[in-house]
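Two complexes are shown next, each including subunit A; its partner changes from subunit B in the first to subunit C in the second.
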Partner chain A sequence: MKRRYFDHVATNPILPEVLDAMMPYFREEYGNPLSVYDLGMNAREAIENSRQQVAALINAEPSEIIFTSSGAEANNFALRGIALARQHEGKHAIVSRMEHHSILNSARVLEKMDFAVTYLTPDKYGTIDPETVRRAITDETTIISITHASSEVGTIEPIKEIAEIAHEKGIVFHSDAVATVGNIPVDIKYLGVDLLSMAAHQFYGPKGAAALYLKKGQRITPLIYGGIQEGGRRAGTENVPAIVGMGKAAVITGEQIVNRMNHVSVLRNKLIKGLKKVPNIHYTGDLEKRLPGHASMCVEYIEGEGMLLLLASKGICAASGSACTSKALKASPVLLSMGIPSSLAHGSIVFSLGIDNTEDDIDYLLEEFPQIIEKLRAMSPFAAKGWADMEEGGSCTAKN
Partner chain B sequence: MTIKFVENVKPDVTTDIVYMMCPMHLLKLEEKIKDLQPGQILEILTDYDGALEDIPDWCEKTGNDFLGIDETTGYYKFYIKKNAR
Partner chain C sequence: MYSKKLMDHFQNPRNVGEIPDADGVGVEGNPVCGDVMKLFIKVDSGKIVDAKFQTFGCGAAIAVSSMITEMAKGKTLEEARAITKQSVADALDGLPAQKMHCSNLGADALHKAIDDYNAKKTGS
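== the complex of A and B ==
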């Protein structure tokens, strides 16, 4: 059975030319970048070349790129690193309830360290209103972190406006752009962010390489102490092959991003149009300001896990909420924060498209998915009579 | 060595390595001093206590002048004047 992959927000296949670029650094170019002989110098040169390539993708300076092992590490580093570096100025951080766990859990750790944290609630489209950010600011606020886009509902947040509000008050602004870098153009100068997280495997690079953009002159406390790697800001021998792959993937992404957006947008529209015949599907997130290849929805009366298992049996890979939420078998906190009732949030399913998807993939999905919904609804005790909280009105964005 | 405290030194170049640990203070010192002309002054901002010993020692070994430090809230300002070698 052919596999049909619709989970590109979880990860992406690595491009063959990216893997080719990495291979010498697994084999003959195995040097430690800190070593002074040729092997080390070659590795150092490769990392600095990659730093330039990654910087160019987001319109940053190479010296503003700090390589990390993952988007989660970049997020931990950003939130905790700025909060600690500025704690003499205040001990209040602002994040949103749309954030990835790497931000939310870092915020909880800050609370244990006697910081105050405000968790902003989005509107029903998953958007953080910049004015709610303004109202949450106190004299103690030193860091605000709002995701550029949620991988669960695809809504693109008004980052530029929020950054302006932060800077009016002298507050540092970070954005988790793991879900956007590679999917839409991201320009740090246009957005006005002070820090921004990204991960290579989200744009067809390898896992194990990610980066934090840190605006020149911004102080940060390290997350990992040790050697002098990354200017003393992130210790540990560099994952040279993965960093080289990230650079190559960044170059290709810069060249192809418009084509990629057009490709997945067409497929997504075809998918949404094709699902119109299925009743009681509620689309989540903003229908306009969203990631181009992202279709997220709650299917009434059935659970995401059931859909995922039956889809998997047909060779279809998808997700229910975030990857973490899928494993925990609980309603997505992101969906709940948007006002979606728990019963409906359990029926969450996310299809995220990529450059490897074809019209044929969508045709196959449109043939199989409605049958799976029908089958599960036939077994659901709620399908016939509905559920109480739904009758009170769920706050979803659109309904078939 | 007795540390001399100074005020109102006008540096030609400043490098900020606050929150960076050993040996970044020595690496940045070497890197930045190379770009200075003899007589110019480098200012290093650091909160690393080990620099209190290391930077004066480095200056002595390399023949540059350690002018002193200015202690401010949370970190030190080190002043080094480059000498002709």
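== the complex of A and C ==
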């Protein structure tokens, strides 16, 4: 059975040209970039070349790029690193409920270190109103971190406006752009951010390579201490092949981003149009200001894990924010923060498209998915008569 | 994550649907938490002669529902009462630990359906 991959927010396949660029750095060019002989110098040169390529993708200076191992590391580094570097000026951070776990859990660690954190609630489209950011600012606020886009609902946040508000008060602004870099143009000068996280595997580069953009002159406390790599801000022998791959992927992304956006938007629109015949599908997120290849929805009266398993049995890969698909058995905090009832959030499903998807993939999905919904709804006690009085209320603990 | 047997019951569930003139109905669960099971039984001479279900929930919840209807059919009410969460899980070759409580509603729904049958009988 042919695999149809619609989970590009989870990760992406690596481009063959990217892998080719990486291969010599596994074999012949295995040097440590700190070594003075030719192998070391070659590795150093490769990293610095990649730094220029990654910087160019987001309109930054090469010296403003710090390579990390993952988007999660970049997010941990940004939030904690700025909060700690500026703790003598204040101990308050602002984040949103739309953030990835790597920001939310870093914020909780800050709370344990006696920082205060404000968690901003989005509107029903998942948008953080810049004015709610302004109202949350106190004399103690030193860092604001708002995601550029949520990979769960696809909404693109007004971070340019939020960055302006932060700067009026002398506050540092970070944005988690892991879901946007490679999917839409990201220009740090236009957006006015001070820090920005990105990950190579989101734009057809390798896993294990990511970066934090840190504006020139901005102080940061390291997360990893050791040698002088990355200007002493991120110790550890560099993952040279992955960093080379990230640079190559950045160059290709810069050349192809408009084509990619057009390709996935056409397919996404075809998917949404094709699903119109299925009743009681509720789209989540902002339908206009959203990631181009992203279709997220709640299918009423059925549950996400069941959909994912039946889709998988047809070779279709997708994602869900349903409680049953999470190890914690809790519905997605992002969906709940948008005011979506938990009964409906259980029916969450996300299709995220990529450059490898074709019209045929969408036709296949439109053939199979409505049948799967129908099959599960035929089993559901709610499909025929609605939620009635079962929705909300009641206690979950009674079942344990 | 799931056993072959569980996947079979999830993908090819037995006894899906309603029994309009059921002798007993049991509902267990809550859509806020994730899983709701509605179980219908038909009783004749103290034996469960038919059982059907409707379930809102994950793969495990649906497989448990399918399995419990198969286990209940043909049993006396007393024998059916002896079915436990553990015996349903065992019949499915095991459930993942985190699904053992939240998705394992079959035994409770069955016991509620038997209670409902008994209440109706003594009431009439």
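The rule is short, and it goes like this: the second predicted complex is superposed on the first by the 379 of 400 C-alpha atoms of A that agree within 3 Å, B and C clash if a C-alpha of one lies under 4 Å from a C-alpha of the other, contacts with A are read in each partner's own complex, and residues count from 1 in each chain.
Just so it is clear, a residue touches a chain if its C-beta (ideal position, glycine included) is under 8 Å from a C-beta of that chain, and two chains touch if they have at least 3 such contacts.
Keep in mind it's a predicted model, so treat the numbers as computed, not measured.
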| item | value |
| --- | --- |
| First (subunit B), second (subunit C), both or neither touched by A:220 | first |
| First (subunit B), second (subunit C), both or neither touched by A:115 | neither |
| Which of subunit B and subunit C A:67 touches, first, second, both or neither | neither |
| In the superposition, subunit B vs subunit C on subunit A residues touched | C |
| Subunit A positions touched by subunit B in one structure and by subunit C in the second | none |
| In the complex with subunit A, residue positions of subunit B that touch it | 16-21, 23-24, 27, 73-74 |
| Partner subunit C, residues of subunit A touching it in the complex | 301-303, 305-306, 309-310, 313, 322-325, 327, 329, 331, 341-343, 346, 378-382, 387, 390-396, 398-400 |
| Subunit C residues within the subunit A interface of the complex | 2, 7, 10-11, 13, 16-17, 27-38, 53-62, 65, 98-99, 101-103, 105 |
| Residue numbers on subunit A that touch subunit B, as the complex places them | 85, 88, 217, 219-222, 225, 228, 231-233 |
